[in-house]
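The structure is given below, and queries will be raised subsequently.
Chain IDs A, B, C, D, E, F and G follow the sequence of writing; residue 1 opens each chain.
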Amino acid sequence: MQEKKYLSVIALTKYIKRKFDADPHLQDVHVRGEISNFKQHSSGHMYFTLKDDKARILAVMFSSQSRAMKFSPENGMKVVVKGDISVYEPSGQYQIYIKEMRPDGIGELFLAYEQLKKRLESEGLFSIEQKKPIPSYPKTVGVITSPTGAAIRDIITTIKRRYPIANILVLPALVQGENAAPSIARAIEKANKMDEIDVLIVGRGGGSIEELWAFNEELVARAIFQSLVPVISAVGHETDFTIADFVADMRAPTPTAAAELAVPHIDELMERLLQRKTRMLQSMSGRYRYEKQRLDRAQRSYAFRYPQRLYEQKLEHVDKLTELLVRGASRLMDVKKGQHETIHKRLVRNHPRIALREAESRFDRSQKDMGRAMIQIFLKKQTQFEKVISTLQALSPLKIMDRGYSLVYSEDNVLIKSINQVRENEPLQIQLTDGSLLCNVTNIKESENRE
Amino acid sequence: MSNEQNISFEEAMNKLEQIVDKLEEGDVPLEAAIAFYKEGMELSKLCHDKLKNVEEQLTQIITEDGRKQNFTIEEEV
Amino acid sequence: MSNEQNISFEEAMNKLEQIVDKLEEGDVPLEAAIAFYKEGMELSKLCHDKLKNVEEQLTQIITEDGRKQNFTIEEEV
Amino acid sequence: MSNEQNISFEEAMNKLEQIVDKLEEGDVPLEAAIAFYKEGMELSKLCHDKLKNVEEQLTQIITEDGRKQNFTIEEEV
Amino acid sequence: MSNEQNISFEEAMNKLEQIVDKLEEGDVPLEAAIAFYKEGMELSKLCHDKLKNVEEQLTQIITEDGRKQNFTIEEEV
Amino acid sequence: MSNEQNISFEEAMNKLEQIVDKLEEGDVPLEAAIAFYKEGMELSKLCHDKLKNVEEQLTQIITEDGRKQNFTIEEEV
Amino acid sequence: MSNEQNISFEEAMNKLEQIVDKLEEGDVPLEAAIAFYKEGMELSKLCHDKLKNVEEQLTQIITEDGRKQNFTIEEEV
C-alpha cells in the first residue's frame, strides 16, 4: 500500500494563513464592534476582543498604528476599525490586525479632549494651588502667538495704551496645524530660558475646534504647566475652554482681555498712588489724633487735674478716725464710770446701818426679855414663899397660948406633959405667948380625978 | 441644920410645904407640931435669905451694867 | 469669859436668846436662874460692846469718806 | 491697803462687785458686813480715783488739732 | 514711737483704726485705754504730718512744672 | 529720668495711663502716690514733646510733598 | 534714598503697599510710624516719577536664530 503523506502542523497553518492573506475580501475590512478584554503591552501594542451580540474576534493593533490615534481605547468602547484578517501561527487563531480605529458615534477630537482633560485634572495640573500669581507690575510681557494677525496687534496696542513702561517681547509660534503644538511648547520653553519675562500671554484669535486644536494638546498643556513664568491663556473662543485655559495661571477670553489682565492701567496706578498717599496721611493723622487724645485724656484725668484729691480724702479719713478715737475714749470712760457708779450705788444701798439697827433691836429685846423673865421668876418664887409662910404661921401651935395656955419644957427642952417627968427643984421653962418663964419646981401634986 | 444650908431654894420650899401639910392635918401632937413649926420657921428663914440674896444680886448686876434701869423688884410687881 | 470675847456678835446673841428662852420657860430653879441671868448679863454686855464698836467704825467710815471724797453716802442714798 | 493700790481698775471693780453681791445676799454677819462695807468703800474710792486719774491723763493728751478734750466725771454723771 | 516714724501712712491708719475699734468695743482695761488713746493720738498726728508733707511735695512739683513747661494742664483742657 | 528719654512714646503712654489708673483707683499708698504723680508729670511732658515732634515732622513732609493739600492736623480733629 | 532710586517700580509699589498696610494696622510705634510715613511718601514720589517720566518701551521679537529685533505690527491688508 502506498504510504500516506502526512502534513506538519506548521505546513498546514502556513497554508491556511496564505489563503487568508490572499483573499482580497479579508484585506482593509471595516468592522464595527465593542472592545473587551483590552490589554496594552509596554511595547505599546494593543490586544483585545472585538465583539457584538452574536460573535467575537480577536484584535491586535500595533503601536506603529496606534501612535497617531488621539484617543485611548477602553473596554466597552464602541469603535469602528479598519484592518486585515490574518492567522497567528503559533496559536492557529485568526485575528484582525487593526490599522485605524475611531470611536463609533461621537467625534474623535471631542473624546480625545475629554480624555486628556480628565487625565490632566487627575494629575493636578488644573488645581488652584498650582496657579502662579500674575505680577502686578511686569517689566516685560512675553507674547506667544502668531506674529501676524489680529491677536498680536490687539495685545500690543492694549499693553502700550495701558502700561507704556512695559517691554513687550514677541515669541512667534505656529498656532494652527500639525506643528502648532510643538511650536507653542518650544516658545514657552524659550521664554522661560530668557530670564527677563515677567508674564506670558499664550494664545491666538478665534477659530474652529480643529483650528484651536493645538491648545488642546498635552504637549502644550505640560509646557504651560511647567513654565515658571506665569502664563495667561488667550484663545479667542469665548464659550469653550481649551485645555490650555485650564492649565494656565489665568485665562482670558480674548487676546485683548489677556493684555488687560497682564498689565495694570497707568491711570489706575496714578490713582492708586494718590490713594496710598491719602491713606498714609489719614492713618498718620488719625494716629496722631488718637495719641494726642490719649495724652490729653491722661493729662485731663482727675488724678492729674486735682492732685490734692490724693490726700484730701485721706485727710478726711484721718480726721474722722481721730474724732472716733476721742469719742471712743470718751465712751469708754463713760462706760467705766457708769459701771463704777452702779456698783457704788449698790454698795451704798447695802450700808450695814440697817443690819446694825436690827442687831441693836434684837439685842435690846433679848436684854429686856431676860430682865423681865428673871424678875418674874424672882417674884413667883417670892410669892410662893410668902404664901407658904403665911399658911405656916396660921397653923402655928403656939397660937393656943394666946388663949392662956403655956408650954412647959424641961431643962433639956422636952415638953413636960406629966408630973412624972419632973422632980422637985428641977428648973423648968414655961413658954407663954409673949415670952417664957424660967422656974423651979417646988412641989409636985398629983391630980385626984385622973383616971 | 448645917446641911440644910446646902439645899436649894426649891428643896427648902418643898420641905416647908410638907410641914404645912402636916400641920394642916391637925392631929399632930402639939409637941410634934411645935417641932414642925420650929423646923418650918427655920426653913422659912433659909428661903427668905435666898430670896434676899437673889434680890441683892439682881440689883447689883443692874448697877454694874451701868445703865440706869428703873426697874426694882417691888415696882414691877 | 475670856474666850467669849472671841465669839461673834451673832453667837453671843444666840446664846443670850437661848438664856432668855430658858428663863421664860419659868421652871428654872432660882439659883440656876440667877446664874443664867448673870451669864446673860455678861453676854449682853459683850453684844453691847460689839455694837458700840460697830457703831464707832461706821461713824469713822462715814467721817473718812466725808473727808476724802466729794460725794457722801447720805447724798447718794 | 497698800497692795490694793497696784491692782487694776477692773480687778478692783470685780472685787467690789463680789463684795456688793455678798452684801446683797444678806446673810453676812454684822462684823463681816461692816468689814466688807469698809473694803467696798475703799475699793470704790480706789476706782473713782483711778477714773479721775485716767480722765486727767486723757485730757492732758492733746488732740491732733491742738484742742484739749474734756472727759470729766462730774459732767458726765 | 521712733520706729513708728518709719511705718507707712496706710499702716498707721490701720493701727489707728484698730485702736478706735478697740476703744469703741469697750473691752479695753481702763489703764490700757490711756496707752491706746495716746498711741492713737500720735498715729493721728503722724498721718496728718505725712499728708501735710505730701501736700507740700505736690505743690512743689506743680510749681516746678509751671516753670519748666510751656504748657500747663489747664491750657490743654 | 535720663533713661526714660529713651523709651518709646507708646511705652511712656502706657506707663502714664497705668499711673493715671492707679491714682484714680485710689488704692495707691500715700507715699507711692506722690512718686507716681511725679513720674506721671514727667511722662506727660515726655509724651507731649514726642507728639509735638511728630506733628512738626508731619507738617514738614506735607509741605515737602509739594502738592498743597488742605490738611492740617487741627482741621482733621 | 539714593539706593531707592535703583529699585524697580514693582519693588517700590510693594514697599509702599506694605507701609500703607502697616500704618493702617496701627501696630507701629508712633516714632516708627512717622519714619514709615516719610519713607512711604518718598516711595510714592518715586513711583509717580517712574510712571510719568519714562519713555515708551520698545516692542521686540525673537527671530528664528534667537536674536531680538524691533517689531512693528504689520498692517493687515
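In this text, contacts are C-beta pairs under 8 Å (C-beta built on N, C-alpha and C of every residue); 3 or more make two chains touch, one makes a residue touch a chain.
Not measured: the values here are computed from a predicted model.
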Output for shared partners of chain A and chain E reads D, F
Counting C-beta pairs in contact for A-F and for A-G, the higher total belongs to A-G
Residue numbers at the chain D-chain E contact, same meaning over half shared and different meaning under half, come out as different
Per mean C-alpha coordinates, the chain lying farthest from chain B is G
Whole-Å distance, C-alpha centre of chain C to that of chain D, is 33
Note: chain B sits from chain A at a C-alpha centroid distance in Å of 126
Separation of the C-alpha centres, chain A versus chain D, in whole Å, is 69
In whole angstrom, the CA-centroid distance of chain A from chain C equals 95
Within chain A, the set of residues that touch 2 or more other chains is 277, 281, 284, 288, 291, 299, 304, 307, 310-311, 314, 318, 322, 329, 333, 336, 344, 351-352, 356, 359, 374, 378, 381
Touching two or more other chains in chain D are residues 9, 30, 34, 37, 41, 48, 51, 54, 58, 63-64
Chains touch in the following pairs A-B, A-C, A-D, A-E, A-F, A-G, B-C, C-D, D-E, E-F, F-G
Given the complex, residues on chain B that touch chain C span 8-10, 50-51, 54, 57-58, 61, 64-65
Contacts from chain C onto chain B in the complex sit at residues 29-31, 33-34, 37-38, 41, 44-45
Within the complex, chain A is touched by chain C residues 9, 13, 16-17, 19-20, 23-24, 26, 28, 30, 33-34, 37, 40-41, 44, 47-48, 51, 54-55, 58, 73, 76-77
Given the complex, residues on chain A that touch chain C span 344-345, 348-349, 351-353, 356, 359-360, 362-363, 366-367, 369-370, 373-374, 376-378, 380-381
In the complex, the residues of chain A that touch chain B are 371, 374-375, 378-379, 381-382, 384-385, 388-389, 391-392, 395-398, 400, 407, 415, 417
